[in-house]
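One chain, chain A, appears in both complexes that follow, with chain B as partner in the first and chain C in the second.
Moving on, here comes the complex of A and B:
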């Protein structure tokens, strides 16, 4: 933590960056994102096991962009998000400084995207056992059971779009849900609109989701959104051998194709 | 009670399947009238949301059809579409939507007979499955 504060302070003092995006103490033992613009404030940066939010989300927000060149505190999910954002031309290598944090909590030296790619390729994070069990449970259900399960889960959704706001990949300045001519997704919360919204969210993140799980954690109604994303992640990995957030080049499942892609259902 | 007549919506590309369906007609091949054809510039243009909208509007089954791989008028539209369908179809299944009601096919402009066969077999398959009550029920909740 001391090293993190020192590096952040130096970056601000030397003028290499204008803002450090990191974690700080919030209210009631919770952590919150902090945006430090003054070297003297670098001491309020923290990093511990509570710091799970994917801060890469803020890299594309215009309120943060206008503060100037950022440095960002990034553990594995954020590092993957940074690579994916770079692949989608949302951030450039020279426009950010990455304060990488390893799986053991130590600082990483990540001067460029190539170093991030190398770190991401060499690091494995096992999925949460409870989440994996839930995933297998849904997968083992019959078609009718899956329909009932999702209708029940999604019926709670009241379209607050917290899942979208928490997602580092949902950076479109105008989302399809806000289009009203035509109205793709109905505004009120009802079974049809809820299903359409969640199918659309999953599909628009297909091949792009870095599996940080922030959408599920942001959901005030505990809808297991990670199941949809994880299904597509596993499907893409097994069919196309691709995984989001592994390369800073534009190469994700739906940005490309292979003439020999295999399907077993097209007549 | 009259026999259930499935309502099938077909999303087809302009260059191959639409022309193929035209050939079915000019060849005077008779096929099921349950299908309503919607013409698109390319299968790459067929957004997955359109398929959901078709179900919401009361379709019991859907056909999506375009040029064979390597025959796309725009070179690669159908390759991109194929990837999208592979993922979308899996996701629908994972969410409990009956993918037996969605038939994907490649029908070229010379395959008038194949188009008739695709339509007829899809209509019969959906007739056996019955009306898509599950989706209609949630569509009603949205006041569609």
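Moving on, here comes the complex of A and C:
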């Protein structure tokens, strides 16, 4: 923590960055994103097991962008998101400084995207056992059971869009649900509206989701949205041998094609 | 009506629920759902979570559903015909176990939905609603009812307010005509209270941090303090979780669904935290950033509503703070607002 604070303070003091996006104490036992703009305040930065929010989400927010060049505290999920955002041309290498945090909580030296790629490629984070158990449970269901499961889960959704707003990859300036000429996705949070929204959300993240799980953690109604994303990650991996957030080069299944693709519909 | 105080024995609760159900009224009460509590229809007292500090969602859906059909339309022989929903079929509803903050929130909603126009849908539901409130024996760090003029035993909005005494029995304050009607369904259950029965010792302690009048005056003076609002809102995601769990947030959007020949008009919840909430057709957005949207949320509750409707739009239930994925804690931010120099 001392090293993190020192590095953050130095970056601000030397003018290399204008803001450090990190974690600080919140209310009660909660932590929250903090935006340090003054070296003297770097001491409020923390990092511990509570610091799970994927801060990469703030890199594309215009309120944060206008503060100037950022440094960002990033453990594995945020590092993946940074690579994916780079691959989608949302951030450039020289636009950010990454204060990487290793799986053991130590500071990493990640001067460029290549270093992030190397770290991500060599780091494994086991999925949460409860989440994995739920995933396996749903995977083992028959199609009818699964349909019933999702109808029940999604019927709770009141469309607050916390899942979208918490997602570092949901940076569209105008989401499809807000396009109303024509209205592609029904606005009301009735069963059809909820189903269409969540299917669209998952599909738009297919091959792009970095599996941080923030959509589910943000959901005030505890809908296990990570399951939808993980099914698609599994599909993309098995069919295209691709995983989002591993490279800063544009290369993801639903947005690129190869001239030698075995299917001809795309040509 | 003069308030009457009665005693409801703990073992009489089941009978009360039964009688209300038998009278054809639908009862919603806090029920444990997974790791949370939510208001659900109940037909027996055993399902009710009497120890619930706060449900994740408020009970406002009983009066203001998240999606509500307000009109049907169809074209016949070239002419458009419209039909209003039949509100006479709405059930009589009893909200049981509503804490005093939530009961008071009904007054805020009523003020909004009857301000200029008498909203037919809301008022039809309100006419059919009776509230059996439950004083708070426990509060958590997010509760701040005493800072907004209420309290763990406040009676506003309840038709009957129950307070659970140390014995487990309930002190029942019968507050309104609707309350008297409910009690009359099972007169044998409402007994004379023991001499000197007093609810005050059975109430949670919630320290007041400020008064709502202080917030009103400070908010009004601070409208142009962009740095304050922007700073507080920097981490805000711009989702609608706070508005949708809030018992008094009442913004809605109108959507038509169907074809040009047949369809329905729906009223759906909306939130001032959304970027598109104030987006004009021209493309101009008067609230381009989250700071002004956050300011709007606070100003609406503490300045505009008292000014226009003579009620406050916050009852201190703390739901928004609990539900917020990024710890936008309203109590903390209101304290910071009061402490910031104007």
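What we mean here is this: the second predicted complex is superposed on the first by the 256 of 267 C-alpha atoms of A that agree within 3 Å, B and C clash if a C-alpha of one lies under 4 Å from a C-alpha of the other, contacts with A are read in each partner's own complex, and residues count from 1 in each chain.
Note that in this section contacts are C-beta pairs under 8 Å (C-beta built on N, C-alpha and C of every residue); 3 or more make two chains touch, one makes a residue touch a chain.
Just so it is clear, the structure is predicted and the values come from calculations on it, not from any experiment.
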Just chain B (first), just chain C (second), both, or neither: which does A:232 touch? first
Partner chain in contact with A:28 - chain B first, chain C second, else both or neither: second
By the touch definition at the top of the document, which applies to A:186: first (chain B), second (chain C), both, or neither? both
Is A:62 contacted by the first partner chain B, the second partner chain C, both or neither? second
With the two complexes superposed on chain A, say which partner A:94 touches: chain B (first), chain C (second), both, or neither. neither
State whether A:159 touches chain B only (first), chain C only (second), both chains, or neither. second
Between chain B and chain C, whom does A:14 touch in the aligned arrangement: first, second, both, or neither? neither
After lining up the shared chain so the two structures overlap, which partner does A:259 touch, if you call chain B first and chain C second: first, second, both or neither? first
Footprint intersection on chain A (chain B / chain C) at 186, 190, 193
Within their complex, state which residues of chain C touch chain A. 34-36, 56-57, 66-67, 141, 230, 233-235, 237-241, 243-245, 253, 255, 257, 266, 268-269, 271, 274, 276, 289-291, 321, 323, 325-327, 329, 332
Parts of chain B lying in touch with chain A, wherever the complex brings them together: 48-49, 52, 56, 69-70, 76, 79-80, 82-99, 103-106, 118, 134, 137-139, 141-144
Within their complex, chain A touches chain B through residues 138-139, 143-151, 176, 184, 186, 190-193, 195-196, 198-200, 202-203, 206-207, 227-228, 231-232, 235-236, 239-240, 253-254, 257-259, 261, 263, 265-267
If you look only at chain A, which of its residues touch chain C in the complex? 26-28, 30-35, 53, 57-58, 62-64, 158-162, 164-166, 174, 178, 183, 186-190, 193, 214, 217-218, 220-222
